[in-house]
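Please read the structure below before turning to the comments.
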Amino acid sequence: MRSRPYKGLVAVAAVAALTATACTAQNEAQHKPKEKAALFKPGSEISYQKYGRNYPATKVKDVPGRCSYESISRKDYSGQTLKIISHAVPVIGEPTQLHAKQFEEITGGKVEVVNVPFGELHQKILTPLQAGQPAYDVMFYPSLWIGDMAPYLAPVPENYLNTTGMQDVTAAYMDVATWDGKVVQYPVDGDRHYLKVRTDVLKDAKWQAEYRKTTGKELQVPRTWAEYQQTAKFFSDKDLDGDGKPNYGSAEVTKRDDLTFSAFISRAAPYVKNPDVEGGVFFDLETMKPLINTPGFVRALEDMVKAKATWAPGGANFGLGDEIFSFGGGQTLMSYSWDDAFIQAQQPDSKIRNMVEAAPLPGSTEVYNRTTKSWDKKANRAAYFTWGWTSAVTKASSHQEMAFDYLCFFSNEANTALDLTIGRFGINPYRIAHFDPEFWEEQGWDEDVAKAYVNTLSGMEENPNRVFDLRVPGVNQYMSALANGVAAALAGQESPQRALDGVAGEWAKITDQIGKDKVQSAYRNVVALEDES
Amino acid sequence: MRSRLYPVFKYTVIALWACFVAGPFFWAMTTSFKNANAVQGGPTYLPWAQYEPTLTGWRNIFGGAGGIDVIDPFINSAIVTIAASAISLALGSLAAYALSRYRFRLGFIKNSDIVFFFVSQRIMPPVVLVIPFFYLLQWGGLLDTIPGLVIVTVALLLPIAVWVMVDFFNGIPREIDEMAMLDGCPPFQTFVRAILPNSLPGLTVAAMFCAVFGWNDFFFAFRLTFTEVQTLPQAVVALNSSIPPWWTLSAAALFGVAPLILLALWVERLLSKGNLSGAVR
Amino acid sequence: MAQLDIIDVGHTYAPGAEEERWALKPLKLTFESGRTYALVGPSGCGKTTLLNILSGLVRPSRGRVLFDGVDVTALPTKARNIAQVFQFPVIYKSMTVYDNLAFPLQCRRQDKARIDAKVRQVAEALDLHDRLRQPARGLTADDKQLISLGRGLVRDDVAAVLMDEPLTVIDPQLKHSLRRKIREITEQFRPTVIYVTHDQYEAMSFAQELLVMKDGRAVQQGTPEQLFEAPSSTYVGYFIGSPAMNFLTVDRNDGPFTLGGRPLSVAWDIPRRTTEVRVGVRPEYVKVVTDPGPNTFPGRLRGVSDHGAQRVLDIEVAGQPVRAKTPREEGVPVGEEVLVHLPRAKVLPYADGKLVLRS
Amino acid sequence: MDGLRRHKSMFLLPGLLTLFLIIIFPLLFTIRVSFSGWNVSNPQMDFIGGANYTAMLDDSRYWASITRLILLAGGTVLIQYLIGFGMALLVWREVLGRRFWRVLFLVPMMTTPVVMAAIWQTIFHESLGPVNDSLGMLGLSEIPWLTESGPALFALKTVEVWQWTPFMFLLLLAGLLSLPKEPFMAAAIDGAGTWRTFWKVTFPLMAPVSVAAVIIRLIEASKLSDSVYVLTSGGPGSSTETPGYYLYIQGLRDQQTGYSGAMSLTYLVLMIVTLTVVAALLTRALKLKGDS
Amino acid sequence: MNLSATDLCLTVDGVDHLKNVTATFRPGRLHTVIGRTMAGKTTLLRALAGLQKVDSGSLTRAGADFLKTPVWRRDTAMVYQQFINYPHLNVFDNVAFPLKRAGLSRDEIRRRVRQSLASVGLADFEKRKPSQLSGGQQQRVAMARSLARGTGILLLDEPLANLDYKLREQLRDEFKTLFSEQGDTIVVYTTTEPAEAMMLGDVVLVMHEGRILQSGTPQEVFERPATTTVASIINDPPMNIFAGRLAGGQVTVAGFQATHASAHLADLPDGSYRFGLRATDVSLASSGVEGQVTFVEISGSETFVHVVVGKTPFVVQIEGIHDVALGDVVRLRLRPDRLFAFDEQGALMRTPSYDLASVEGR
């Protein structure tokens, strides 16, 4: 009797010891896969149908190559376990799981996936990396964190870089995956912000007439943020589809700890990215003085505050999901952010399917010139290459080959083709092959919808006036400070100027804290990407 | 004199509160049978009448596509909760017994200060603990293991166990201890044979609190595990992405509550029998 | 102060049970105004049920309760105008002694001056007048009981004061003085008091009249003296008095009673019966004598128990145990063989356990 | 029981040492780290003196969150206490379906806060949630629950009240059930009405349980962050930020480990002092000293 | 195997709980410790049991230092005032508890439990829980548990105090038989009731304020109380103690009444004394000292009349039940031949002749 509680402790200690030994034993050697017979013939038909009823019936052909079903199924990873961390289900989390399951089936290896909410992902990945704890082999995370992650990442080996899939990735997204000249992230997604509108309203003669009558202007897809505002305002609180519920003008991501900073940069891009000025928009590259409180950013924030009137109820606390539902569900006329809302609107059971159009982000009629400290009066558009999902393998992983095989399998042509069509997966075009309207028409999209979509996306690739995310160490802190400022202004707690002044102060502090040189050299990379094009 | 309206008032208040308490469950229940379109169509409450129910949400928590699998996390949660509660109760009641029966004095530190030390652990913001815990468990090779999680959970639950049990033991006459010792039991046997069997109500309450806090811990489990050990709240939170599938989330929430409702039934039973009087003070 | 009438009141906690098994068998009683009564009997005898019926906590299964002729059977406690002192001291923890005493009057919205006068008067009687401003929860258990009593006494109109074993939790040394205090106060205020206890000692020294209860029945009602001198049953004889009354089985063949073959005269003649007859005699009246005589029987001394001022002698008379209580100064008889005298006037006849009354 | 010196530590030490060992390292670590510049890009235990503490003094967001917490925790615990006590009183004695009510009223505390907060988020969803829908049906205008600071705080309080009133309810109901009957009899005999009986009998008798329950709840409420995290993420602006959540943002999300260490320690000290004072005040206000 | 206490002292917060307690407890004897509440009786028992540490003094058993023996090896059983049993065990298991600890065989345990329960009259209650028993029955269970083990030391701390008097009377009789069967056990029994101490005890120890004032056979203590305090403790009602003067063969009591000194006081020098007179030796009479009745109590079979004479209170004990009204003026007859004489410090000088031979000198 007397020893019972102690026995418990002993047991715990024993289990702990065993687990510890087991862990270390695993780490000892790199496991090379054995070869086995392929389970697929080259060019087999691939479909997700057997994994669940909510997958589309679409079938695609396995494209031969290193990453194909056929090639991967030759590998025998039995007895090995791959640990993966990914975003929450479904966005990127669901394809991670799905492909993990497939990978297990065809290689005999074991894949463990953990899904984590967005707000936790950074810390959850970075803590073990910094602590030297081999927690994960493969990680899926937003590409802008590259500055924090790079030191811990294994460069993509040459033979994976030579795959057909990788070769097809657009230059912009290869740039996104590159750090210090090495490809350290495995591209699995291509992201940008663009404008989404409902054509059933904008192209409706009745509305066009009414709009003209009221505003004296033509109703069309907004080309500037001012037009966007006017259009959004005009249609707010009107019942656009006769379902008895009011509709609204604009849906934007505004929730502070969500992705508000991206939305804000989208709005700011045409005001701050002057094609004639080099050297980055966030910092003065030489002095590393924050530019976040310069007039261009302030103008964008003022716009955003004004836009509040055009938001649906709750619009001031919309996360990305809300934005997706709000536009994708037909509640609002327009929105701008990632593809998701658009793909959602184009789902087979959507009530506004094929009544939507993609267009480049609105621009401006003038752009701030920070060298002259004045506004250049000219029409300007900037392509904001906001972050998208990316993946990487840790240096410390003892399953390098298995890990890269997984990623290469994940992003093989067949899988990507299917993934692109499932809105909730959050996987968007990033290969040249994806910019083909026919592919989308096969999914049941109307021709003009598909064309406009593809043109919008590929057009961005061609726009030389590009803005990239602030891909420096500590990016989360910078963005979180920015989001705080934006949120404060949106909540009316501070004026836009004051709010951004505050952000600038924070940024300077963060830079000091992290080390100016560190940030500067990282930011130089970003600026180079922007300016070289 | 109580007016005739009093019962009306009483039942109205009870009913209102009951609605408030049950509302979220009802909402979760009805949402769990919806799909994306039913959710986006605006708030609806009655299946069939207002929307076409589907089992997607429920299927999704049992490994359905785009969902999660709650079975393994459920088992992990159960193991961690039970093990941590058991250890906390064992260590906690031992310590509580000592604090209730003996006088400690170490400089200015007295019994009440030791009790306060235990209870004050609950004041610690979890953020303070989690990063050091990470390194602590890493050092012991216990990250992402059930024993590691159990150890951490014990730190969270031990204060609760001590708090409840000290009070409870104070209510058991010391004469019982004395008698047991006179009857030939050394102190430890006295505790095990004479005191513990009489502490069932207190142990029950302590166990309930331990179970509730252990079962519902997300913060620590989330940060101290990677892939091997996933507890139920972690599995559910994995659904909280930028496009939260309300239906799956609702089904998962209801699933996670189920075992603890049984606990509530048990606690109520003890309450009704009057067994908890003195156990909670 | 009121007269309380219990008319054919009986109660069972298990509806439908036959009357024999009721917790309180139907009975009729009267508690006269201004007198003190004790309900006494072992636990489970029905005394608490009866008290609860009086206080309104229990509604009797049968019968009526009248307070001064008014039927209160259906009235709740609050409407009955009684006062009660409980086993465990009940005070209002958050109030001072003064406020505790004033509380019943404040509840009845009496005017301040009147309340003050009354509270001071009662506090004086309770010896609490110098502690009126103290918080009541700081007092000792016996003082708390006095406050409980005082809350009844401040009310002029109280129908009866019920006391439910009020000395249970009082320290043994203080029991005596508290009992004394309560008695003095009741002498002074003269309320109708009904005092429940399982302790005969308490009952007898407190009440003017006792009601001995057993198995849900009132066995005997009377003054302490009556119960001592003429217990109506062997049970009362056993229950009242220490040591208990001696009961001896006697024979009766065609003539007077005989004990061990010798004639025994009893206090009064009783009709002939076929049933067993026993005689009862208090140990106080049993005398050890040196000379033979009437009602004197030989016995054997079995043991002596020294109680201090008295000794109790265990004697066997005609094969039956008899106890005699003798003053210390009389010493202990020498040798085993003794003569025991049973004074005729104190030897009472019992048949079927009941005192046979003088015909 | 004296003379058992050797044995008493045998009981206490396993628990005390376990807790001590588990806790002492984090505490020392935090103290040390609070003097370091440990952050996301510099995860090292260097020494930067009291810089973190100085920075903290100027951090208005931190101090605002502490003030907010005091109001939020104090407010919700008070509401929880009032409702919990009220409900416990209502289902204490004869009431139809007593056991059903009791179980129902206990259930919310059994639920996982992060998960239920997610459900609450859907409930307060401004266009798809039932709350605004119901308001609409009642002819009231919709309320921007999570996007304006007033309603957001209200929503947060609602969730807290929903989740933790059962805790109060349980402690207070158990307390009520263990009360002796006599004081209530005495009050009835003395002619006290319902109101007076409550204030003069029930409440004073329940005072010790009440103090314990309130203190424990305050301790737990001081850590309020899960529901903030899920429900409003501290927004709009920073108007629903609590120290727990702010510490989480700084310490975990932004990984300002050193800085958050300094804030955590300060917060810990503040809370211990505050709670001790509150406990002492409550005890004195309800005159519990020297009363068993 | 005597248990000897020497100079046991214990002071808690400045109050003496035990003060130089020296006593020897012998096997096969029943020692009753009588004293008022708080006299230190319970503390003494707890010290003997090892439940209470003492400040100084020694305790030896068969020559060995008993203070160093832990409680569970003291071979001691204790019965508490508050019917303490194990609430979770039924009657049988309660009694069996110490036997199991002692490692007896199951059959032996069953035999002993049955025997022990039978001896306290609870043979049919084996399966009941203590909470289902009346107070008297609970106390009998406690007795049975203590007896079943056959310990070397049996301590009883006012075991009857919380029972009503009829039960007390009955259990007292039973105890007498039970203890006499205990053979070589050292029994120590505390009580506040003189009659109980007298009738049960082989040896009576009188305790007051932590000290043992006197010990001896019941008869010795009762008839030769060493001090006024002992006299008052050992008598129920307490002996009437009053100041008086002895002069010229006359005792002057309360300043106004003289009575002829009895023979046993004859050789006392004149002077101030304190006199003691038992309640039984005062009676209500048609002539005598005049006093007023302040209170009347009735015990089982006696009436105690409290009378105040001037400022001196007297208690009169009358056999049987009598109705005496409060406030009546009565006359008291004090029996001079029953006077105990104490010096002014309270030490016994003379005892009445019917008791032991008078104390020779000082």
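All chains are identified by letter, namely A, B, C, D and E, in their written order; residue positions are counted from 1 within each chain.
Here is the rule we use: contacts are C-beta pairs under 8 Å (C-beta built on N, C-alpha and C of every residue); 3 or more make two chains touch, one makes a residue touch a chain.
Everything quoted here is computed from the prediction, not taken from an experiment.
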Using direct touches as single steps, what is the fewest number of steps from chain C over to chain E? 1
Which chains does chain D share as contact partners with chain E? B, C
Given the touch definition stated above, what is the smallest step count connecting chain B to chain C? 2
Would you mind telling me which chain pair, A-D or C-D, is linked by more contacting C-beta pairs? A-D
Roughly how many whole angstrom separate the Cα centroids of chain A and chain E? 91
If you average the CA atoms of chain B and of chain E, how far apart do the two points sit, in angstrom? 55
With chain centres defined as C-alpha means, what is the inter-centre distance between chain B and chain D in Å? 15
Chain-centre distance (mean CA atoms) for chain A and chain B, in whole Å, is 37
Hey, what residues on chain E touch two or more of the other chains? 51, 70-71
Where chain D touches two or more other chains at once, by residue number: 1-2, 4, 14, 127-128, 132, 193, 252
What residues in chain B touch two or more of the other chains? 39-40, 42, 91, 94, 131, 135, 151, 178, 186, 188-189, 193, 223, 237, 240, 244
With touch defined as at the start, can you tell me which chain A residues reach chain B in the complex? 1-2, 4-5, 8-9, 12-13, 15-17, 19-21, 23-24, 48, 51-55, 83-85, 87-91, 93-94, 98, 112-118, 120, 123-124, 127-128, 131, 133, 135-136, 245, 258-259, 319-321, 324-325, 328-331, 340, 349, 424, 426
Footprint of chain A on chain B - complex, ascending: 37, 39-42, 56, 64-68, 83, 86-87, 90-91, 94, 131, 134-135, 138, 140-148, 150-151, 188-189, 192-193, 222-223, 225-228, 230, 234, 237-245, 248
Give every residue of chain C touching chain D within the complex, in rising order. 55, 57, 76-78, 82-84, 86-88, 90, 92-95, 103-104, 107-108, 135, 137-138, 148, 151-152
Where on chain E does chain C make contact in their complex? 36-37, 134, 161, 164-166, 169, 176, 192, 194-195, 198-199, 218-219, 222, 234-236, 278-280, 295-301, 317, 319-323, 326, 354
Interface with chain D, chain A side, in the complex: residues 5-6, 9, 119-120, 122-123, 126-127, 130-131, 148, 254-258, 312-317, 322, 325-326, 331, 473-474, 476-477, 480, 484, 487-488, 490-491, 493, 513-515, 518
